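Okay, so subunit A shows up in both of these, paired with subunit B first and subunit C after.
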Partner chain A sequence: MKQFILRRIAQLVLVFFAVTFLTFASLNLVGDPLFNIVGVISGIPDEQCEAVARGEIEDTKSSGLNMGDCALIAQAKEQNNLDKNVVERYGIWLSDMAGGDFGTSFVNGDEISDIVQERLPVTVRLIVLAQIVALGIAIPWGVASAYRANRTFDKASTVGSFGLLSIPNFALGVILLYFFTLRWQIFPSRYENAGWWSELKALTLPAFTLGLGLAATYQRLLRTDLITTLQDDFIHMARAKGMSDRHIMYRHALRPSMFSVITVFGVNTGALIGGALVVEQIFSIPGVGTELVEAVLRNDPPVVIALISVVAIGFVLINFVVDLTYGYLDPRVRTS
Partner chain B sequence: MSDVENAHVEIMTPDDMVDDAVKKRLGIGFWIAVGWLGVLVATVAFAPFLPFGDPDKLAAGPPRTGPSLDNWFGTDALGRDVFARTVYGARVSLVVGFIAIAFGMVVGGTLGMVAGYFRGRVDQVISFMFFTLLSFPGLILALLITSTFDRTLRTVSLTLGVLAVAPVGRLARAATLVFAEREFVQAARVIGAKHFRIMTRELLPVVLIPMAALALLGMGVAIVAEGGLAFLQLSVEDISWGVIINDGRGIRDLQENPHVALMPIGVMFLTILALNFAGDRVREYFDVRETAF
Partner chain C sequence: MAQVSAANTQLLVRDLTVRFPTTRGTVQAVNGVTFDLAKGASLGIVGESGSGKSVTAKTLMNLLPRTAEVSGDVIFEGEDVRRLALQGREHFWGVKMTMVFQDPMTSLNPVKKCGEQIAETLRYHLKRDKKTALAEAEDLLAQVGIPEPGKRVNQYPHELSGGLRQRVVIAMALACEPSLLIADEPTTAVDVTVQKHLLDLLDKLREDRGMSMILITHDLGVARGRCDEIAVMYAGRLVERSAPETLFSDSRHPYTDALLRSIPRIEQPSHTRLEPIPGRPPELINPPEQCAYAPRCRFAQADCLESIPDISGVAGMHEFACFHPANTDRGREALASNLASGRTATGLEISSAGASS
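Moving on, here comes the complex of A and B:
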């Protein structure tokens, strides 16, 4: 077990560097970060500014430059370490990140750590709620299907879950928004956070949008595993002792049948994060997704890098924890 | 995307497949699904020659009207014909889906087969690459790439293709690992066949079968992902299903003329359903089991 954990930690560290470096490098190599900070004057050739520095020409309008443009450029470069190469900048950025300093936005100068603190909890709550919805639906549904496998209800469930898996989550979001908010006006059309009740109401539809498809995935897996478990001897034993079917299903059969669901739990969180970005747009929820899209559209690389890194790191960590849980639950995994 | 990403393969031998194929049928549902996809592809391919009108023509009918004989799917706020838009949107969506999965098959398939065939160091490096790719939540990676580059059809397709590399590659690797041990591959090795020949002549045909099933499912995933990007306003600047649905999802549009969003959603749903169903049938037919592991 110890070796298994160590190996996974080594993998985790490697993936962490790969993911953050990829994000950092791709957004730094393409496009001109200097342009994003100072605008058109970033086009002033270096030689010209060097000439100004040597005092050969003056930093004034007559030489085609505005007063102090070169100074501005120098300052921007200094502040953002733009003179250094990508690897060095990545190192500086990483150590700043580790210290909780995410830097500031190029566009409006906001502290990125504030943005993260404000936006991340909303998205996390949405994702947790979606998982609760998914499991809350999938467990009774899977149990009911497996209980009378291949009978009418089970066959109808197969069709139903197949249908659910074929609806893109943004389409489901639009449909739910249309019926529950606009036609029947059960849920608010705006995100409000005046206490937990109003937020819960605002997050219910988005959580169902994300959770229904996921519930279908879990239901399929749980059903298959349950059918296998139900053929085990200890189930016959329980039945022979005269336990009620409900007790057998939930108390005896359910737990050993959860392996597949637990395994895909981590990977699905990745799909959920992606889904959350989109669903936040539909229901105008001020989470990481909406901020990320705004940052991309206003061309603000530091914010984009920070948000993507936070999300990716979160995802890597979740999968790490899931892997460990799985190794703990199933001894075969540790040795493979 | 989860069930596609976690492909774990158990594959029957080719002999078993022949025996089983006699007993099994693809079933009527499969052919209905293929029929729908065929009609869709034909419509999309011949759209300019069919009397569907111009998707961008303003006031093709009175604005904000429901489905009628003139405008089968109604018109949007600018009076554009939603049916024509759906047909032309299908072009982009299907092309993106196809290019993405083709790219994933070629790149991921090659890498996966190389990893599964040579094993050792090569396998470690390639598997780590897949692992890293899968460590990004899919849509985040797509967002990273499209926001770094541009939003042309080519970039968006290839971006989604990059997403397909790891899942397809893992499947190809797993299948190659299984088949590389089998007698027909060892026989080829014994008579002195070169690595390249073994991989292309012996392994590729059998590895392609599970990949075909994944390709159908993956095309659906790519079409959905394109739609997701459209909702983030990071997809193509042309019209696609995602773009049309996104256009029609504003509160006012949804309230007054919901068909603008709901009609393309219906067509998209049927298409994804057909792709999923066909993929599932192919998988069952060849008895490729992909359990989530």
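Moving on, here comes the complex of A and C:
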């Protein structure tokens, strides 16, 4: 077990480096960070500024420059280490990050750590709520389907779950928004956070938007695994012991049937974060997703990199927890 | 053999029939099985694979799949078991009547601690609180001869050996002090050396608790010393039923006869070849209207192919279903004529080698 955790932590570190480096490198290679900081004057050729520096030409209109352009460029390069190569800059970024310094936005100069602190909890709460909705629906639903497999309820469930699976998130979000907010006005139309209750109300529809499709996925998996588990001898034994059907379904069959659901739970977190991004847009939720989109649109690489790193760490951490869950679900995993 | 009378009859099975509709046709798994079991008695059900032993047991335990079509009566201590099943009666199975399965490796829930699996029955049926139930579970583990029961209650099944697991299963089945225990080949999956210990344990528990038992086994030898009565099944029918001594010394059904000759005997030199029963088990889908054993029977005559033999003999003492029973004049005659012609009415070739009846 100890070894297992150590191995997992090593993996976690590796994945973290891989993801952050790739994001860092691609954003640095594709765009021109200098342009994002200083604007059009980034187009001034290096030779011209070098000439200015050597005193050969003057830093004035006559040489096609504005007063101080070269100084500005030099300062920007200095501050953001743009003279160094990507690997070096990545190293600097990492050590800053390790010291809790996420850097600042190129565009508006905001502290990125503030942005993360403000945005991340909202997204985390949304995703957690979505998973609760998904599991809360999928577990009783899967159990009910498997309990009387291939009977009317199960057949109707199959149709229902495929229906849910085939609706894209954004469409479901819009539909829910239309009915529950516009027509029946049960849920607020704007995100507000005046205490946990108002936030819960604001996050309910988005959580269902994300969670319903997932619930359908989980239900399919759980149903199949349950039907297999129900053939097992220990289920017969539990019935021979006279335990109630409910007890047998929930206390005996459920846990050994959760492996596929848990695996998908972990793997799907990436997709869920992606989905959260879209859903945050629809419901105007100030989460990581909305901020990420804004940062990309305003060409703000440090923010993008920081947010993607945070998401990547979250993904790896969740999968780590999922692996630990296997051990809880099956004691045999623990000892091997 | 324990005398069966209305007063001390515990289980009464009458004309039990079980069919499974499948895509290939209807499986006639159990056909008109009838027997009684007295309180505190033990009945051995013996027969080869597919003869319907487990289906019979599962019918009693209400464990058949929903597709199964069942008819006949099962009366347990005056109650109609099949009606209880329909009514969804609680605290009957597991309390009055319970069952132990063949494979201890799979009949315990792999993700629950052994103690918890025993305790849950006590909590559900007898409404014990958690602590009392676990203490009782530990006590039960001690009763079935598990060393260090205090440690075992907190172990998972995979941490125990096969023999210990089967003891846990037995402890689990006995938790609510059932009056009938059905043991379906409880020792087939464990080591030979462990087999005897487990069977002795079951015997002892049965006597201590005045419990009745149905012991299902492939092995006539196993049933012999431990049962008050033995019922032999073939193709879903009880073909012979009597006390073990009678069965072993004076069997009637040719299938029993063949079974007896296929078990090793102590008095035989160890190199004596056992006689396997030639032929294959019968088809249970659309069986012909004839004695199911006829294709493999050394005694088979023309009349065996015309109808299915009914149960005859002395009711409650020695019953059998055969037109030409072994160890009778009719049987000896039939066998002699078959041996003379070298073949039976179904065309099975036989020779006198090894023949004893």
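The rule is short, and it goes like this: the second predicted complex is superposed on the first by the 311 of 336 C-alpha atoms of A that agree within 3 Å, B and C clash if a C-alpha of one lies under 4 Å from a C-alpha of the other, contacts with A are read in each partner's own complex, and residues count from 1 in each chain.
One rule holds in what follows: a contact is a pair of C-beta atoms (placed from the backbone, for glycine too) under 8 Å apart; a residue touches a chain by one contact, two chains touch by 3 or more.
Remember, predicted model here, so these are calculated numbers, not experimental data.
Touch criterion met: A:277 reaches subunit B, while subunit C stays clear of it. In the overlay built on the shared chain, the residue A:252 is in contact with subunit C alone; subunit B does not reach it. Of the two partner chains placed by the overlay, only subunit C lies in contact with A:244; subunit B stays clear of it. Judged by the number of subunit A residues each one touches, B leads among subunit B and subunit C.
Residue contacts after overlaying the shared chain place A:177 against subunit B, while subunit C stays out of touching range.
When both complexes are overlaid on chain A, the residue A:264 reaches subunit B alone and has no touch with subunit C. In the superposed model, A:234 lies in contact with subunit C only, and not with subunit B. On subunit A, the surface touched by subunit B in one complex and the surface touched by subunit C in the other have no residue in common. On subunit A, the positions that touch subunit C within their shared complex are 232-234, 236-244, 247, 251-252, 255-256, 329-332, 335. On subunit B, the positions that touch subunit A within their shared complex are 1-3, 5-6, 128, 131-132, 134-140, 143-145, 147-149, 220, 224, 227-228, 231-234, 242, 245-246, 249, 251, 254-255, 258, 261-262, 265, 268-269, 272-273, 276-277, 280, 291-293. Those residues of subunit C whose C-beta lies close enough to touch subunit A in the complex are 61-63, 90-95, 98-99, 101, 103, 106-112, 120-121, 124-125, 156, 158-159, 169, 172-173, 175-176. Every residue of subunit A that touches subunit B in the complex is listed here, in rising order: 11, 14-15, 18-19, 22-23, 26-27, 30-31, 162-163, 165-171, 174-175, 177-178, 182, 189, 217, 220-221, 224, 260, 263-264, 267-271, 273-275, 277-278, 281-282, 289, 292-293, 296-297, 304, 308, 311-312, 315-316, 319.
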